[in-house]
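Here you go, one structure.
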């Protein structure tokens, strides 16, 4: 039964992806394209966060660190060298390398630090990267940041849209497989009960480090896409806001679901978009941020497990409920 | 025949309190050994030292003649020492079958496979189901572990240990809280494993009839120290054991035996 | 020598101020284990309402009372409607309190406008004394005094009553505490209210310290408060004081002796402390 | 002899699961009533329903004639009911002393006397007075959990599998203590240790699949091997 | 007088191009309407609206074409700024961009102006790099930049033999400001003896101030922006009593209120409503009060107005032609009237050279904040910053 269920889900995913792929050709609005690209980029970031939060049970307040590394690497490469494809690819490789190394060491620290302490330590590291970006002014131009040119193949917004979409789809498929692999199952076990996982013969630290690296590298890639989409980078890529965005998107969509991260990114970006549009229509919405806050609050109240999580549970319990009454009926009959 | 499991002078001190005090034992392969002793005698702590949850303040642990004192729990499990826990210790938000499957997967050595779908390992699922059947829990395989009744969790705990298929099984009060009518079934499982003759079992229990029934030898811990180690009959005759552990009711019981 | 004394005094005062900002969070985050991202909103509201009362009545003392009351009322409302459904669930706490934070700091602008507002020290607390090269700023002495008073009061509350125990027990196992006949919800509400009141007090006292209050002050200082709670060790009130003073002193000394690292002072301090003491300075091992 | 607690056709849901489907029994004052039944039968849920932790959807729970079904847990507890949960409910980070201190309702001489009595019963607790509860051995935790329920002057105690994990000699002590308390306190006991249940129990109820299927005086069960086999699977 | 002149001119042009060009000119204004710089954004917007009204004499028409403007909120986030700018350029097909309140947002939008070949009037972002290293020819800035501030600051206090210490926040704005100030001040013969940078988010600035006191300068020049400010602590540390004079740029009114401790200090300002003595400013002050129940125009209000006036002026010159190439040619070197007098878009970097004001902060009866009182006007030539693109 689960098989059928996932097969049907896969078809839905495929349809949605196909629709998104033809979207720019049927609806010609560049600002929609940009908005969607933004959603895809943040979806990638949120999915990378979900690997930590939803699948391994690690809370990090410093995820922006990897995002920022990606963004700055590509920015600096494009600015310092030529905005050519070869340098771009080099920047991607360097990003992967850097984020992998950094996340490796950050991952190692999960051994020593538990929950909040780890979260805060990652925040400290992200903060140090922020200071570095601020202070290494010859390269980063401080917090004002700098603009740069991008290789030709990234110039066209439609192409870029497709690239972001493609990245999101690939990351989604990879991570889906990753989380459904035997290794992914061990990660979930770690989330549930670390010490027990260890005594089943799994080396928890190695798994955490793997999760940390996978998550870090993908966040770095999101950072690259982000910087390219703006053709500009400044220290805001290292701020807590980015981490919080990733966190919020993951949670709103539903932790530990991956699709949730995508849906969360969509919801946040679009409600943001619509609320700011409303702000122009009616003065009530001038303070649209209040409504934004209310959306978060309502989301928790009505979708306590995130949208995908709550829907899943709801579906699950509807299916489960069927046999239950039958069971009690038979017993009742037997008694009478 | 060399010992499969051996400790030398094993001690651990928690801030001044010696929980395990210079215990030296040796367990031959395929042997069934029980540990008894008053509450707080150090039985669980002794297990923790064997399975690597704790590192001793002093002394050594040997597995098949090799020293493993410094090895992590993970490595010891992989080497072949599996254990169950006194305090129920499962994965609460995973289903019962997933709980067991993780143990099966570990036994199969599939640890870092990240590109294949878990469902391509059908065998795991089947094996997990078999283990659940063995402990009378197969009808609850899709329930979340946290929704199990206490006794059911104990069974799950045993299933997970069995699924690891390790040479040495360390069982910490496996039947505590299990219902009267099901204890015999679980006893049967343990007995069967014993009869297969290829497993070494160390059991902590307070149920004396069960211990008398199963054990080849019994060791007694008192205030962390090894008080006695011998056949069930010898142990039951021990005065200290009778007065400080068994108490009045069991003395009659022992007399009958 | 004068320099050392000046730096120490000012560091201590800043530390005490930071302690006042963090004290509420020590209860809410450290003790009750609620990841309250709206904490900043609470002290921003304390600052605005307190300064508003102060400027409209002319009495600084009334301002302080106003701030504390505002904080306590907000605390009750927040606990009742926002926090209560999400005790024990960090993920939901993050989302819902961030939502609340947005609402709180935006509402500030609705009520008081988007501009920064100047906050003055009352006359009897303005200015400074100078002894040789040593400058003692009156308002800072006042802050140190208030900080100590708050510390002692809360310490009394936690040590002399069962409340601290009950809260800790309640966080570990709410059902059991209730089975022991304790209305844990009421206790949580009370502690949250006290925490929110202290946050507001901190916000109110911060105003005259830097001379200005603004809507974004919440998030800025909330992070600092979180840092202090974690450095001190979750749930340790003494730890929070020590951590706050440490943060104050390190900021003061680093700005003087290693200005290049001043920007990173707090983050460095936290990183170093946590790497060497993974449970904070006074945190229980566990 | 008057009835202290009466459950009538209790139905309890956990989530959407219908766990208790008709539990009824009466607890006479000053007696030990034992609940028996296999794993998952609903014994623990029954106790939790009485405590208001899993409130009943239907049926009634009468304490001295008063309906307490929909009262909050703490109010129920304050009516003089003590609870020893099956998972012991120890506050792991609190010391033994603090664990007990949280429970104490009134700090008076009587409480102090009772505490002395308990600590004599379980000297281990005195020994580890300042140790965090989480570091105690399994049996010590069980002792602490029992002590915490004893320390107040409760009219009714709900004790879920107290003998679990205790050394035989300590089981005896617990039994003795229960017998001693019987004069003042009524007890509902869930117990798998038949020796203990049959020694101290006055009457029994058997719960199966969420309903009470049989009951009687403990003497019957003690003597009637057939009945034991039928309901408990033991001879 | 000038009003009628202008409307006459406009009418003439309307007649000429009536048939050919009736599509409205669209201007997209980017500003922070929410977030930390909200107050600045609002000032710019008010000024811009009034500026359009003034420049077109209330007709909102230039050379026969209607002028429309669309405001978008950047929220002080670069990615939002880019989204909104793209929307303006793509969907609204604006002919001009104006904005924005933050340098970061503005920098992020600069390449779009080039890509879409539309003129962007930068107002009030100050980063030097906008007209410096990140410059492209579509960028014109009516706002003063950091260097102009610094030059003005130097002009107000630097003299031969004067020893100056600086205090600035440790980020681009502060660093840029100080380095420009240093250059300007040294040119005037002053000596910068100490540069102090402080964590802008710090609660405590006394250590930094202590260090400055230790250096015993004649002047302490402070470059500051943002709410969290050191003024109180400068007073508490008795800097002025120690014979160190303070100088800084006077901010907007809300922030002036926090500068009470600095009464008596000499510095400079970009604008205060009673400083520029000309008809346009008078009109601005009057109309602003009328429109916004008695409120006075603030620091960046004239900037918004100036941006509008620059656009209208340029369109007048091109006779309503919004072609960027043509506009660039027209605007380079263009001088135009503003509430702050005449400004000139310098050819090399499109930076508007403008008057700034050397001032002294004084207590005034009936005003609850220290008031900047004019010492002398610093002419556009005097405050011209170095060309850096």
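Some notes on this structure:
Order as written gives the chain letters A, B, C, D and E; numbering starts at 1 within each chain.
Please note the rule applied: contacts are C-beta pairs under 8 Å (C-beta built on N, C-alpha and C of every residue); 3 or more make two chains touch, one makes a residue touch a chain.
All of these numbers come straight from a predicted model, not from anything done at the bench.
The minimum number of touch steps separating chain B from chain D is 1. Between C-E and C-D, more C-beta contact pairs join the chains of C-E. Across the assembly, the mean Cα position most removed from that of chain D is the one of E.
The greatest centre-to-centre gap from chain C, using C-alpha centroids, is found for B.
Per-chain Cα centroids separate chain A from chain B by 42 Å. Our note on geometry: chain A versus chain E, Cα centroid distance of 39 Å, whole angstroms. Chain C has its Cα centroid 49 Å from the Cα centroid of chain B.
Our note on geometry: chain B versus chain E, Cα centroid distance of 76 Å, whole angstroms. Residue positions of chain C with contacts to 2 or more other chains are 109, 263. Multi-chain contact residues of chain D, defined as those touching 2 or more other chains: 17. Residue positions of chain A with contacts to 2 or more other chains are 134, 287, 289. Interface residues of chain A, counted against chain E in their complex, comprise 29-31, 34-35, 38, 134, 137, 141-147, 149, 226, 229-232, 234, 236, 241, 276, 279-280, 286-289.
By the touch criterion given at the top, residues 36, 38-39, 42, 170, 196-199, 201-208, 210-211, 214, 227-229, 231-233, 236-238, 254-255, 257-258, 260-261, 369 of chain E touch chain C in their complex.
Residue ranges on chain E touching chain A, taken from their complex, read 33-34, 71, 73, 75, 77-79, 82-83, 86-87, 90-91, 103-104, 107-108, 110-111, 127, 129, 133-134, 170-173, 175.
The touching residues of chain A, when paired with chain C in their complex, are 53, 59, 109, 112-114, 116-117, 120-121, 123-125, 127-128, 131, 134-135, 240, 244, 247-248, 251-252, 255, 287, 289-290, 292-297, 299-301, 304.
Within the complex formed with chain A, the chain C residues making contact are 35, 82, 85-86, 89-92, 94-96, 98-103, 106-107, 109-110, 223, 226-227, 230, 234, 260, 263-264, 266-268, 270-271, 274-275, 278-280, 283.
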